[in-house]
C-alpha cells in the first residue's frame, strides 16, 4: 500500500517534471560540473549558432562554421544551449528547421577542442553538457526537422537524431563514423537512434560505420523523404513547405500535439497516459477549442 | 543492497498488479473523482454499447448510436465500462471484434456532452474515466480486432488503437481530427498510437490530421489488411474468419499468449521477463499442456 | 527533492548494474532456487554446448544434440550457462555465431526433462534459469548472430531472439509452436520477440503458431537476410563474412558499440543516455581513440 502510494506520487512528479522547461538531465549527483566544463568550452572559439526570425511560426537554426564543415567548437556548444533556452521561451512557436551553413550539415566536434579534453572526465562532462542540450532540443514543443545537405558525420549524425524528422537532399549522407575514431556516440545519438530505427539497424549503422544515403535512410525510417533540390536556399524552402503541412493550427494546439507524442516516445505506457491527460487539460476548453465548438454549432 | 531489495519487491508487485483485473489507472491521488464524473456522464443519454453472445470463443461489441455516427454519449461511456468488466469476467473467451452500427465506426464524443463539460477539470476527469476503461480493454486476455467501416474520427480513431488489430473495409478511413477541434487525444490515443506506428508517424498523423485510408493504414502498420467486403454483415464474417486463424487453441492458452504479449508491450525488458515467467507458470503442467504431452507420447 | 535525489541514485545504480557481468535476473526474492534446479537439470543428460576457438575476434557456439534436433537436455542448459560465463570473460571478443549441429537449429526442450518437471514451480524455476542465461547472452558485449538452418521450433525459436541478428538458410523456418503444446514462451522469447518485431506481429506469430520462412522473416524484420547456401559449412562461412562487416575495429570499440545499443534497447531514454555517457567514458582518450587522433593529425 505504502509502496503503491509512493509509486503514484513518483509518477505524478515524473509527468510534471517532464513538462517543465530548462530541466537539465544532469547535476552534481552524476558528477556533472557544468560551470567547469563551460569554462573549458569557452576556450575553443570559432563559428556560431544562428537563429532566424519567425516566419509563419517557424524559425531556422543554422550551424555555422563552414571552414570546418560546421564542426562544433566549444563556443558553438555554449551558443547552442543559449539558443535552445531561447526556443523554450518562444511562446508562439510551431516549427523549427535545423541545417548547416554552406551546403553541408555538420562533421561533429572540432578536433582542436577534442584534443585538449582527452581525459575521461572531461569527455563525460562534455557529453553530459551536449546530451542535456540535445534532450531539451528534442523535447521542445515544436515540430523539428533537420535538413541534411552534404554530410552529417559523427556528432553531426547524432545531432540529426535530436530532431523529430530528417529530410535529405540528393547526394547527401548521414554516417555514424565514431568507430573509425575509436569511439561510440556520447551526445545521446545511440539512444535516440535505437528509438528511431530499432536496435538491430542501430547496431549495424554504428558497428559498420555505414554510409546512409537518402534512399537508404528513407528505407530504414531514418529520413522522411529526399527533397527535390540540393541548392541550399531552395531546399530550405522545400523543407518549410513540407513542415507547413504539419503546423496549420494555433501554436497552443501544435505544441500540445508535440508534447503528447514526446510523452508517448519517452515514457512507459501508464506514465504516458497520465501525461497525455495533463496535456489534454491544457487545451480542453481553451480558446482554439471553444472557437471550434462555436463554429460547429453555427454549422448546425 | 536495501535499494536493490526494495526494487525487486516493487517489480514483483508490479508484475502481479499487471495481471489483475479491474484495476483502474487512476484514483484520488491523481485527482480522479470517479463517482462525480459518473453522475455527470449519466445526464447525457442516448445510444448503447451492445455485446453479442459467444460464438466459437468470440464475442462482438457494437458501438450503437447511428444517429450521431456512433459518437459516445455519457451513458455509452458508462456502458462501455460495464461491458469491459463483463469481458474481464468471461472465463472462456478468446477473441473480441469491435465495430460500429450501420456501416460506420465512431465519430468520437457526443458534442452535447462535450459542451456541458468544458472545464479543464471535467475534461481531465472524463479522460481519466475513458483511459481507464480503454486500458482495461486493451489488456483483456482476448485477441481484439477493430473492424473499421466508414469513418473512425477523433475519439473513434483513438478507440481503434485500444484493440490489438485493425481491419478496414474498402473506402473507410481513420483520422485523428483533434487539432481541427483545437484539441489533442486524451483517451490515450496518442500514447497507444506511438506504440503502434512509432513517434514520427504519430506526430505526422496528429499534427497533420491526416486522412488514413486502408492502403495507407496497412503501409504504416496501423491496420493489418483491407477486408474484401464493405457490406456490414459480410465484413463482420470476414473479420471473424481472420480472427479464427489466431484462436485455434484452448481459451487458457490463447489468454496466456495475449498476456505475455501485453507484458512485452507495456513493461521494460526485465519486468516483462518476470511477467512472462509468471504467465508460463499458469499453463505449464495445465490441462492443455498435459494433453499435448500425452499425445506426443502416444505418437512415439 | 528527497525523492528526486533518491531517483537519481537509483538510476545511477541501475546504469552501473547494467554494465556488470554475470548478474542473474533472479534471486531468492523471486522464489528462484538456483541450486535445486541445477541438481534436477543434472539428471537429464545428453548432448553438449560447444564453443570454438577464436577466429578474427569471432567464436562459434554449437547446440549439439542432433539425435533430438538439438533439443535442450538438462545438462545442455547447465553447459550453456558455463559457456556464457566464459564469453563474458572473453576480453578480446567481437562477434559470436550460434548454430545447431547437423543442419538444423534447435527444437526446444528435451521432452524427457519436461515430463519430469511438470509442476508449476519446477517449470518456473527452469524458466528463471534459462531467462537468466539468455539475458546474459543477449547482453554480451559481442555482436551475436543466429544462423538458422532447418528448424528453430519452440524454445529453439525463443533462443534465436537472444541474438542480435538472425540469418536464415534457404528452406529453413522459425516457428513458435508453443500453443500446440498448450504453452506460451517462458525463456523470455515473447518479451524479446515483441522488442524485435512489435507487439502486433508477435501476437500473430504466437497465437497462430505461424511458420516463418526466410522471406517472411526478412519482411517482418525477424531475420536480416537469406544466406545463399544451405550447406552447413558454407553457410557458416557466409555468416562469418556477413559478421566481418561489423567487427572491423578494435575489440574495445566493438564492445562499446554493442553496449550503447543494449542500453538503448533495454532502458528508458534518460537511463539509456546516462549509460551511453558512461560507456563513452570508457573509450574516450583510450588507445584506439588516441591512435585515430594521432593519424588525423598526421594527415593534416
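By letter and in written order, the chains are A, B and C; residue numbering begins at 1 in each of them.
Criterion: a residue touches a chain if its C-beta (ideal position, glycine included) is under 8 Å from a C-beta of that chain, and two chains touch if they have at least 3 such contacts.
All values reported here derive from a predicted model rather than from experimental measurement.
K.L.:
To test your reading of the model: what rotation angle superimposes subunit A on subunit B by C-alpha positions, in degrees to the nearest 5?
P.N.:
120
K.L.:
Would you kindly state whether over half or under half of the residue numbers at the subunit B/subunit C interface are used by both copies, giving same or different?
P.N.:
different
K.L.:
So what's the Cα centroid distance for subunit B and subunit C, whole Å?
P.N.:
Taking the average C-alpha coordinate of subunit B and of subunit C, the gap between them is 32 Å.
K.L.:
Among the residues of subunit C, which are close enough to touch at least two other chains?
P.N.:
Only 9, 195, 265, 267-268 qualify.
K.L.:
Quick check: in the complex, which residue numbers of subunit A touch subunit B?
P.N.:
Touching subunit B from subunit A are residues 3-5, 7-9, 12, 143, 164-165, 195-196, 221, 224, 245-247, 249-250, 252-254, 256-265, 267-270, 272-274, 276-293, 296.
K.L.:
With touch defined as at the start, can you tell me which subunit C residues reach subunit B in the complex?
P.N.:
For subunit C paired with subunit B, touching residues are 9-10, 13, 25, 27, 29-30, 111, 114-115, 118-121, 123-124, 127-128, 131, 135, 178-186, 188, 190-195, 198-200, 202-204, 206-208, 265-268.
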